[in-house]
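Below you'll find the structures, each written out as C-alpha cells.
After this come two complexes, each holding chain A, first together with chain B and then together with chain C.
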Partner chain A sequence: MPNVKISLRQLTIITALFMIGTAILIVPSALAVKAKQDAWIAALIGIGIGSLILALQLLLSRLYPDMNLVQISEKLLGKWLGKSVCFLLLLILFLGGPVAVLQEIGTFLTVQIMPETPIQAIIILFGAIVLMGVRLGLEVLARSAELLFPWFLLLFLSLSILLFSQVKWENALPILEQGPGPLIPAVCSFISIVYLPNMILLMIFPASVNRQSEANKAVFIGSLIGSLILLLIVILSILVLGPTITEKTMYPSYLLAQKINIGNFLQRIEVIMAVMWFITLFFRISFYFYATVAGYCQIFNIKNIQPLVIPLGWILTTLAVFIYPNVMFEHNWEARTWTPFSFIFGLLFPLLLLGLHGIRKIRSKGAPKKSRFPE
Partner chain B sequence: MKRILGLLLLTLAASFLLSGCWNRRELNELGIAVAAGVDKVGDKYRLSVQIAIPGQVASKKVGSPQAPATLFTSEGDTLFEAARRMSQSSPRKIYFAHLRMFIIGESLARQGIAEVLDLLFRDHEFRTDFYFAVSKENTAEETLKIMTPIETIPANKLFTSLQTSEKIWSPTKAVTLDELINDLSSKGKHPVLTGLEIRGDKNIGEKKINVENIYTPSHLVYSGFAVFKSDRLIGWLNEKESRGYRLILGDVKSSVNHVKCRDQGKVVLETLRTSAKVKGSMVKSRPHINIRFSAEGNVGSVECSGLDLTKPETIQKLETEMEQMTVRLIETVIQKVQTEYKVDIFGFGEAIRRSNPKAWKSMKEDWDERYFPNLPVHIQVDYHIRRTGTISDSFLNEIRETR
Partner chain C sequence: MNVALILMTAALVVWLELPRMLREREQRELWGFSVLLLLGVGISLTQTFISDIPTPLILVASLLKPFSDFLTAIGLIQ
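Now for the complex of A and B:
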C-alpha cells in the first residue's frame, strides 16, 4: 500500500460524509414505510445500536492499529482463507456499494430532475469524476472532503431553518401507535444503510491516519455528526410532510426542498439543495470504490492501487447502468439481499474476527504461563 | 506536444459534454401552465389548461388584441393522455411546474378525484405548492375562461385572492396537494376544498368586454367549502359554516365578526390571533371531543350608541358575547355536518387517534357511520379584547344626546 496519511479532522469528515451518503435521500421513506410517524424513534434506536456495532468494528482497529481489514483477516483466518473470504465479501460489497450508489444518483436525477436524459449520460459523467478522484488518491479525496463539507453543512442547515415554519408537530402523534413491533425492521434497515457499511472504512484507517491512537475517536465523532444529520432529516420529513407522504415519495428530502417557500419569494431552490446530495453521494461512491480497490490490491499483493482504478472503474460504470432492471427490483434487492448481507459484513464478520482474536489470545496467554512453571 | 494534444482533446470532449443536456427546455419553447381544470365528460376527462402569454403580460401598449392568457382543452380516457393530446392544439410543450391553481369541476368531484391526484403526485413536473378549488355548478373549463381585472392572468387572481381571503376573512382555505393527500389517506379526517363560483353572466365573462368596464359584469368568487366523503364531493357549507369550520382548525390569522350591542346595533370585533386545540378522549368507552378555542381581538367598529367602551365591564360583556357567538358558529357547523353529511371533516377521528390509538383502532372502521354523528363535542372559548382601535368611546354616543 502507498504510504498516504490523512489527518484526524479529515477522517472525521470522511466518516460523516460517507454515512450521510445515499441515506439522506432514502432513509426517511425507508423508515416511514415500516414505522410511520415513529420513524424518528427508529432512527434514534438505530443510532444507539449502530454506535455499539461501530464500537465493535473499531475494537478491531484498536487491536491491529497498523493493519487494514484484509491484513487483519489474513492474520486471523490464515492467508488463503482470509484472502478468499475477503475477496467474496468485497465482490458483493462492490455490487451493493459503489455500483448501487452510482446508479442511485442516476435514478435520482432521471426521476426528479431530468426524466428524458438517458441514465448512461449521468452515470458516465459522475463515474468519471469518481475515477478521477480515486486515481488521485486518498489524500486528494480527503482534502476535497474537507473543502466541501462546510458547503454541505451550509446547505443542510439552510434547508432545516427554512423549513422550520412549516413544521406540524401533530404529525408525530400518536407515538408508538402500532406498538414497538414495526420499529424492529425499521431499525434494521437504518443500521444496514447507515452503520454496517462503515466496516469498509477499516481499509482506510487506522493504517493511513497520521495519529493512529486517536483515529477511533475521530471516526466516532464523525459517525455521530453523520447520524445526527440523518436523524434531523427524518424528523423534518415526518413533521413537515407527514408519515403518509414521506412513505410514498421516492426521495422525501427532495420534496422537502421543494416545500421551501418564504413569502412567495425564496422558493424553487430544490436544485440548489440537490448540490448537497451530489456532495455526499460523491464521497460515498468514492470511498466505497477506493476501499474496494484497495482491498483487491491487498488481496493480490499489488503495491499500488492506480493500475486497478481504471479497469475496475469501467466495470463500475457499466454495471451501474444495468445492474437493476427497474426501480422496484432495486427496492426489493435492498430489502431482501443488501440488508442481510450488510449484517454479515458489518456485524458477523467483525464478530468472527474478534472471536478468533480472543481464541489466539487465550492460547498465547496459556503458553507463557507454561514457560513460567519451571521457576 | 503531448500536453497540448491532451488539452485539445479535453476541450473537444468538454464542448460535447457541457453544451447542454437532453432535457433542456428553453423558455421560448415552453407554454407555462398557470392553471389547470379537469371535468368529466361521459367517461372521459376533459382537461383545460390556462397558459400565460408572457409578451401580453409584460407589454404596456393599450388595447392589444390578444388576451394575457389562453386556454387549451383536450379530452382523453386518462388525464395524462389528455395532457399530452393537448400538443395537437398547443404550439408549445406545456410545462406544469409553475401551476398555481388546480380547478376540479363539480361533476368530477362528485364522482371522485383520487384518480386524478395520482398523476399530480407522481409526475415530477408538478410541485406541491399549487392550490385546489372546486368549481361550483359550472365546469372547470367555464371557470377558467373568465377574464379578470387587475390581475390580468386569471390564475394569478385566483391564487392571490384565495391566499388573501384565507388570511383576512376566513371562509376559504388554500389546500395544497400534500395536505389533500394526507387528508385522503387518513381514516380520521375527510378533506374539504374551497368552492369557486362564477357570479354574473358567464357568457360576457369570457369576452374582453368583461374587463373593459369599471364594473365587471361577471367575476370569480370563492364561496364556502366543498365537503368530501373520502374523494367524493357530497355537499357544500355556506359562508357562516365555512367560517366555523376554519375556527375549529385554529389556523385563522385574522377575521371580523359582529355581536349585538344593547339589542339595537352591532359591534364589530376584529380577531387577530386564534388557536384551537382539539383533544380527543374516551369517557366510559365513548369518544368525546374537547375544543379549546382562544382568540385575541380588537374592537373594530361600533355601530350603536350608548355603549360605554371606557368601562372595563363593557369590554368584559363584549368578550362574553363574542365567546357565545363563537360557540354558536362552531356548534352550527358541527351539527350540520353530523346530521346532514355524516363525514368527519374536522379531524376529530385524528384527534382520538392521537390521544388514544388503541381505542381508535377498534372504532376506525365505522367511525363515520357510528361514532361521528353522535359524537359529543365540548367547546370552550376564550376571547380577549385587547384594544379598541384608535379611539376609545364612540362619537355615536354624542349624536344620540343632541338628537
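Now for the complex of A and C:
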C-alpha cells in the first residue's frame, strides 16, 4: 500500500461527496416510488438509522486504527478465507459500484443533455478523467475534492434558493396517508444507496489519515453534511414537483433545475446545475475505483497500485457500456440485488468482523488465566 | 479496424507502464498488470465481434436471489 496521508478536512469532504454521489440524482424518485409524499420522512428516519450503522462501521476502524478493510478481515477471518471473502465482495462491489455509476452518467448525459452522442464516447471520456485522477493517487484526489467542494456547495445553494418561489406546501399533504408501513422499504433503499457503501471508505481511512484518532469524527461530520444535502433535495423534489412527478421521472433533481424560473428571465440553467452532478459522480466513481484497486493490491500483496489502474480502468469502461442491457433491468437490479448486497457488505460483514473480534478478545482474556492457574 | 484500434491502445498502455515496472523489478505488479490488461483486451475484442454480451450482473443476481427473496418476504424491500 502506498504511504499517503490526507488531512481531516479532506476526509470530511471526501465522505460528503462520496455519499452525495449518484444519490442526488436517484434518491428522490427511489423514495417517492415507495413512500409517495412522505419521502422526506423516510429520508429523515434513514439518516437516523444510517448514522447508527455508520457508527458500527466506525467502531471497526477504531479497533484497528492502522489497518484497512482487507487487512482487518485477513486478521480476523484468517489469511485465505479473509482474502477470498474480500475478493468476492470487491468483485461484486466493482460491478455494482464504479461500473454502474459510470454507466449512470452515460445514460444521464445521453438521455437528458446530448441525445445524439453515442454513450460510448461519454463513458470513455469520463472514464479517462477518473483514471487520470486515480493514477495520480489519493492525495491528488483529496486535494481536488477540497477545491471543487465550494463550487458544489455554491451550485447546490443557488439551486435551493432559486427554487424557493416554486414551493407548494400542499404537495406534502396529507402526511402519513397510508400509515407508517410504506416507509420501511423506502428507509431501506435510502440506507442502501446512501449509507451502506460507506464501508468501502474503510480502505482509505484511518490508515491514510494524518491524525487517526480524530478520523471518525471527520467521517461523521462529512456524512451529516452529505445526508442533509440529500434530505434537502428530497424535500425540494416533493414540494416543487409533487410526489407523482418525482416518482415517474428518472432524474428528478435535473427536472428541478429545469423548473427554475425567476421572472420569466432567469430560466433553463439546468446544464450549469448539471456541473454539480459531474463533481459528485466523479468522486463517487473515483473513490469506489480507488478502493477497488487498493483492495486488490492488498489481496495480492502488490505494493505499487499505479500500474494496475489503467488495465482495471479499461475493464471499468468496457463493462460500463453493456452492464445494464435496459432500464427495466437496472430498476430490478437496484431493488432486488444491489440493496441485499449492500446490506451484506455494509451491515452483516462489519457485524461478523466485530463478532469475531469479540470472540478473540474473550479467548485471549481466558488464555492468560489458564496459564496463571495451571491444573 | 476496431481490432487494430484496441490493439494499438493496448500497446500504448504497455509502452506507458512497462519500462518503469521493469526498471524497478516489480514482479507482482507485472503479473497483475498483464492479467488485467489481457482481461480488458479480451472483453473489448469480444464486444467487437458479439454485439450483445450478457451482463455479468445476471450471475450476481442469481447468486444473491435467496437472500433477496428472504428480505422481500420480511418486507424490508419491495
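In this section, the second predicted complex is superposed on the first by the 369 of 375 C-alpha atoms of A that agree within 3 Å, B and C clash if a C-alpha of one lies under 4 Å from a C-alpha of the other, contacts with A are read in each partner's own complex, and residues count from 1 in each chain.
As a working rule, contacts are C-beta pairs under 8 Å (C-beta built on N, C-alpha and C of every residue); 3 or more make two chains touch, one makes a residue touch a chain.
Small disclaimer: the values here were computed from a predicted structure and weren't measured.
Peer 1: Tell me which partner A:T117 touches in the superposition: chain B (first), chain C (second), both or neither.
Peer 2: In the superposed model, A:T117 contacts chain B only, not chain C.
Peer 1: After superposition on the shared chain, which partner residues are touched by A:W333: those of chain B (first), chain C (second), both, or neither?
Peer 2: After superposing on A, A:W333 lies in contact with chain C but is clear of chain B.
Peer 1: In this superposed model, does chain C or chain B come into contact with more residues of chain A?
Peer 2: If we count touched residues of chain A for both partners, the winner is C.
Peer 1: By the touch definition at the top of the document, which applies to A:D66: first (chain B), second (chain C), both, or neither?
Peer 2: neither
Peer 1: Have a look at where A:L125 lands relative to chain B and chain C in the superposition and call it first, second, both or neither.
Peer 2: It touches chain B, and chain C stays clear.
Peer 1: Could you tell me if A:I92 is touching chain B, chain C, both of them or neither one (first, second, both, neither)?
Peer 2: Second partner only, chain C.
Peer 1: Quick one: is A:L319 in contact with chain B, with chain C, with both, or with neither? Answer first, second, both or neither.
Peer 2: second
Peer 1: Which of the residues in chain A end up touching chain C in this complex?
Peer 2: 34, 92, 95-96, 184-185, 188-189, 296-297, 300-304, 307-308, 310-312, 314-315, 318-319, 321-325, 329, 332-333, 335-337, 339-341, 343-344
Peer 1: Flag every residue of chain B that touches chain A in the complex, lowest number first.
Peer 2: Contacts found on chain B: 17, 21-23, 121, 124, 127-129, 178, 181-182, 185-186, 350, 353-357.
Peer 1: Would you mind writing out the residues of chain A in touch with chain B in their complex?
Peer 2: 111-118, 121, 125, 170, 173-174, 176-178, 241-242, 244-245, 248, 255, 258-259, 261, 267-268
Peer 1: If we count contacts the way the header does, which residues on chain C are in touch with chain A in the complex?
Peer 2: 13, 16-17, 20-21, 24, 26, 28-30, 32-33, 36-37, 39-41, 43-44, 47, 52-57, 60-61, 64-65, 67-68, 71-72, 75-78
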